[in-house]
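Next come two complexes built around chain A: one with chain B, the other with chain C.
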Partner chain A sequence: MTTPTPQDYERRIAALEQRLHAFEGRLAPPTAGRMNTAFFERYGLVFAWILLILVIGYFKPDQMFSWNSYAAMLGSNAMIVVLTLGLIIPLTTGDFDLSVASTMALSSMIIAVLNVRMGWSIEGAIFMALLAGLAVGAINAFFIIWFGIHSLIVTLGVGYFINGVILWISGSNVISGVSNDLVNVVILTRFLGVPLSFWYAGILTAIIWYIFQHTALGRRLLFVGRGREVARLSGVNVVRMRAGALIASGGIAALAGVLYTGMRGSADPSSALAFLLPAFAAAFLGSTTLYPGRFNAPGAFVAVYFLSTGIMGLNFLGAQSFVQNLFYGGGLIVAVSISQLLRKRRPMD
Partner chain B sequence: MPEELALQVSNLSKRFGGALALDRVALSVRRGEVHGLLGSNGSGKSTLIKVLAGFHTPEPGAEVRLYGHHAPLPIPGPTVRKLGLAFVHQHLGLIPSLSVTENLRLGDLATKSNWHIDWATEFDAAAKVFARYNLALDPRAEVGRLSPVEQALLAIVRAVEDLRGVSKEPGVLILDEPTPFLPRAGVEQLFALVRAAVAEGASVIFVSHDVDEVREITDRATILRDGKLIDTVDTKTTSHDAFVERIIGRSMSAYGGASKALSAAEPQVAIENLSAPGLGPVSLTMTEGEILGLTGLIGSGYDAVPAFVYGARKARTGRLRLGSRSLPLAAIDPQQALSRGIVYLPADRMGAAGVGSLPVSDNVGLPVLKRLKRAIGLFDQDIASHAATLGATAGVKPNIPTLPLSALSGGNAQKALLAKWLQVEPQLMLLDEPTQGVDVGARQDIWDALDRAAAGGACILIGSTDYEQLAQLCHRVLVFARGKVVQELSGAALTKDAIAEACFRSTTLTPAA
Partner chain C sequence: MKYLLSAATLAVLASPALADMDAAKALVDQFTALPAFVAPGDAFDAKACMADKTMFVIPLTNANPFNAAISAGMQQAAEIVGFELRAWETQMDPTQWIQGMNTAVAEGYDLIDLQGGIPAEMLAPQIGEAQAAGVKVTATHLWDATTQTTAEFMDGAANTDYVTFGKIIAAWAIVQSGGKVNALVVGPDEIPPTAPLRDAIINYLAENCPDCKSTYINVPVNDWATLGQSAVQNALLADPSINYVLPVYDSMAQFIAPAIQIAGSSAKIVSYNGTPFVLDMMRDGDIVEMVVGESLGWVGMAGVDANMRVLCDLPKVTLLNTPAYIFTDANVATAGTPANYNDGYGDTFISGFKTLWGIE
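Moving on, here comes the complex of A and B:
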């Protein structure tokens, strides 16, 4: 038998310490007790959605439990989903984009003007609209990052400026008669009984979810939003992340404009502007669910349809059109209040 | 004669958990006296100031008298001025975007309801105040545009004037480290103002690291060490050395230096002529596996060096040589630094080093996301299990990577953040106060981790004022004063005592060539 050397002892001690560390890790605060609240936090909005359907369905079963109501609702709110998805990207990196609804309206009007008034092909018109959206994002990014102005101010100003451009290029008129090809592939064609616009929104939700949840890019965006200095000192190119997020939100808002035009076959200079608040309400409400505390794509998806189901139901109950404002405005405040409670009421950055 | 005393503190103790930060300390300040308060980090002088300001409740049995009257304990913070105490902290409490006059009258403007402010009268009154103190301050100027010296002067005048306004007695003004970031000429001006305030009958407590300044301005001085009152001395009859000896104490030599020797002699990292406003030119070299400490009194500039080398802040000039490559420091940025194997752990743990609201796993995994990726993308489980492995090695407790970083104690968060950078096997590690606010056990774990990294060949640069840590951990320590290296300590000369002594003497030393 050989006598153990000091190295042997050291190795044994190290091994014991490893096991001790592992053991301490397992000892630490029980997570099981929190499971139920965590579960409710995650899926609360989904349950609330189902509850909403059941409650309104109790009073108006014919309309509330009819598939057709849902097929129409899912299709016609798809562009709000897309708009919200664009919005949550800069929100994740810590910038507000108040120009998204204007960008959506601009995109819609560019398609109508080029396609109807100037006789462009619908594909060319859509291409130009998307390009315009990216350009708006780039302008926002330039003023926010290079000048260092708060994003609320820049995007508020840029949004209002765009509203002026829209009135200018449209001559303040509704332009109808947009190519039927677009209307066909957005709303008229159905898959599993639901207009294609809904499926586009679903695909985009999946893409954004994948980027946020399963790519390094998504983590970097998150770090830029939560701790700009931490991200910078960890080697993240903060400027590129923020600029990219704003440009992406411009481009996706333009995409929402394409769907909006396809849904109505026309563009009017003002109606799209009303979607700014619904998008914000859905973004914040969505951040309380599925991945609570983070702006997330599936959450935004659920939130948009939760809010539009509520409005549809209230319409069935005979409520007037002003409930829409009550519901979206109230929804935003309730959503932000809930997320503040999740954050234990710490001041918002 | 108690009437002669403006402030009398006796039997003041303060306990934080198990540690006694103040142990039956006494302090007496006479009318019209400038009284120095000296001590190194952890001596208890800031705790004493915070008790006087009403931030901390002292242990029962303490007594604080102002002009012979008992002050209620804990001292009521909001009405502390009425008792005759006014504070000027290093953070001056000025609002940069408001005018000099608005700042001067901030106390009244903020608390009194006044529906008519006649600004012309206010400006005139402010001008008269400044004239009384011989200050050339424009009452209408925006405070943000004033020089640091003028801002400090304004803050002091405001404190003195506030005292005159509310208290029958002339009052005690407490200046908490007002000078470290001021140029010499500014310090003169500040002293002139202190003398003017004293001439009007006020007393001043002057808290400082700088022995020379204390000797210049004060009549008497009280020295604290490890929470205990060491001595109260007459400044005139006390030499520089006698001060330093009392601040450092001789009992601490038990902590002797680790006297670490280095085998390699070939320099691996060199910083040449680093300069920035208030710093430099600084040059230094490090050999493979060396742990080099940077220290000095606050304001001496040592603490900014790691940030400049990493490009977290922009240096004016200088070059960094790493192995055989050389690059200009003015052009370096964090991305570039990282790609060359340089990492930086800032002192601001939840503001610059990690994000408290995100899970430990995300914080730790950020630099190696590429490595953790599967063919179809990143997964939370992979990031978490990676963080769990690292956490177990680093001794993070509790080792639950899904917890937010802010749920960990300071020491455990620091272990996790250190592990975040150790995993990339850096060539050069830059650390700023790596064990600040860290418990003793975690401190040892962090030191061990750094020792292992150095043994693996990394160069480690540490900026710190924790002399014991520097003595234990470093091969060499460079002492800074006024932005330059004034002394180098190594081998047997590297002890906690020697570092402290070098720091407190540093202002009298001339820069090394």
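Moving on, here comes the complex of A and C:
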């Protein structure tokens, strides 16, 4: 018996992908309006986004149709895009990472402690923060894969542990005075009027989209998520894929922490934790658009900005803060439900 | 002549009403001076009356340095007088507050102090139990001294004059802008001191400055990071003439400062608390213009003073004697580098309390 070559694996994966498409096709029998439905399913959220802008713009045209409004909104939500991008990688391989927001907060606090309290250069502090993020991902992977514990439990526990570490290293304090060099390259410097943070998020979105859609690695990640046993029998190194996804998630969450610190010039022990739900909301909402049924980077990108455009519009309309929560939660449920109706209520991944 | 009079009347009516600048300046000047110690009540022999008494302090959360600093001030007071004071550790968890109360009752403490924001109403059953066991229950730095009333079931409370803090913030903005304030006031309505602070700022502007206006945004604490920044950012984009953002608590500045930068606004932040990192932001940047703070070590000692009077059956003190103090670029260096909760206010209160308690 000969050892399978990488080409053999690729062939098997391509065959599996074809079977998967055929299987999905059988679950949703073709109808007269199938093409239209597929089109709306794919671009529904984008249309909803445009509609949202037009409807709110009707009432508040000066603010809603001003480029400044979008420049500010795009820049200030960039770290949520990055956090969501980190999240969708393990979600694709079938693992939940509930520690991403804690990792983001840890990264932010490490930068502040090293740069402000210990006098490190900002570059050195960022390097250590990213390293810490990768380490958190590796710890998650170790407990999830080696011990075989469900990812929800491990990442919940690790997240709480990290929260304690953050309080410990910060003395429960907010630390301000992080190098202005970081603030400059995150929000103060603009390209086309939009803070650089947005462009970083855009570049990362493009990279992850390319990996997911155009590389064998992306296909392997997807197969691991669709069926670990089938993927393993097809020659995919499931352990490596899952561990890699969790480590990438930790690293990208730490990158979100770098942007968060650069946006404020300070770090606090807890505020980043509030981004966990928005990131999950955007990840799931994003999975209903552009590449429906898959966690995908451009979908996540659109979802974050769809939700933040809604919040911005509600602010312009003078809505009270509870309305924003209604929009965030309700918008997610309604959008995903409509998408499911278009998909003939096929179970989501 | 008739036309002349009419014209003069019209001119008077048409001329813009002026802000009460003198009153605003006087208020700002009063709290720019270094705080002086004013005895909250009559002197008494603290050592003698506290000889066999103990105190148990439950802070809102030890994760907030604000509460930790007040607890430290309380412990310093107990060491000076020479009685046992135990500071419980909590992390914003009601079960830990209840556990603290049960521990204090079980271990026979004489007084439990709910320190720095624990909503006493939430613990009413436990407070009743403690009182039935002979333990007195008080609160430090929870209610406003003038607009809120201490819950009837409490044995005492040392309250804070939040209204004066709010007035100082508004007066500062009036003085600095020459009576042309367009303020965005921001606060979390669910926190009890927000209402007196918020209303004092908005009312002072409305009553003393005809050319000033204000808009209020409620942002719950849990949403400060996610919705607070965008709410401020969008308000600044919607009305670029806003020249002051007045968060009722200065910790919000960490989310408001980037909102001001991203929106390209030149608005300034003026707020209340004197939180160290905000003083650092003031020292290192240009967005935080003024913070009115209070010495938390002083708050702790004043709280213990009020509690000792409850335990010693002396006339109750209901107002913390901790004065407000204005920090600006001119004096922020006195708060330390990095800033801390106690420096900058002077230490007259330590000798003041020692004299009051008959120790010096």
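The rule is short, and it goes like this: the second predicted complex is superposed on the first by the 294 of 349 C-alpha atoms of A that agree within 3 Å, B and C clash if a C-alpha of one lies under 4 Å from a C-alpha of the other, contacts with A are read in each partner's own complex, and residues count from 1 in each chain.
Just so it is clear, contacts are C-beta pairs under 8 Å (C-beta built on N, C-alpha and C of every residue); 3 or more make two chains touch, one makes a residue touch a chain.
Every value quoted in this text rests on a predicted model; they were computed, and no experiment measured them.
Novice: Which of the two partners, first being chain B and second being chain C, lies in contact with A:Q63: first, second, both, or neither?
Specialist: Second partner only, chain C.
Novice: Quick one: classify A:G227 as touching chain B (first), chain C (second), both or neither.
Specialist: The first partner, chain B, only.
Novice: Could you let me know whether more residues of chain A are touched by chain B or by chain C?
Specialist: Larger number of chain A residues touched: C.
Novice: For A:G293, decide between first (touching chain B), second (touching chain C), both and neither.
Specialist: first
Novice: Touch test for A:T215: chain B only (first), chain C only (second), both, or neither?
Specialist: First partner only.
Novice: Taking the superposition on A as described, I'd like to know which of chain B and chain C A:N237 touches: first, second, both or neither.
Specialist: first
Novice: Which partner does A:I175 reach: the first (chain B), the second (chain C), both, or neither?
Specialist: second
Novice: If you look only at chain C, which of its residues touch chain A in the complex?
Specialist: The touching residues are 62-65, 68, 217-220, 222-227, 229-231, 233-235, 237-238, 251, 254-255, 257-259, 261-264, 275-278, 280-281, 284-285, 338.
Novice: Inside the complex, what are the residues of chain A that reach chain C?
Specialist: It comes out as residues 60, 63, 66, 68-69, 72-73, 75-77, 116, 167, 171-177, 187-188, 195, 263-266, 268-272, 274-275, 278, 308, 311-312, 315-316, 320-321, 324-325.
Novice: Please give the residue numbers of chain A that touch chain B in the complex, ascending.
Specialist: Against chain B, chain A makes touches at 18, 21-22, 24-25, 27-29, 31, 210, 213-216, 218-220, 222-223, 226-227, 229-230, 232-237, 293, 343.
Novice: Given the complex with chain A, which residues does chain B contribute to the contact?
Specialist: Going by the criterion above, the answer is residues 310, 312, 334-335, 337-339, 344, 346, 348, 351-355, 357-358, 362, 365-367, 369-370, 373, 376-380, 388, 391-393, 395, 397-400.
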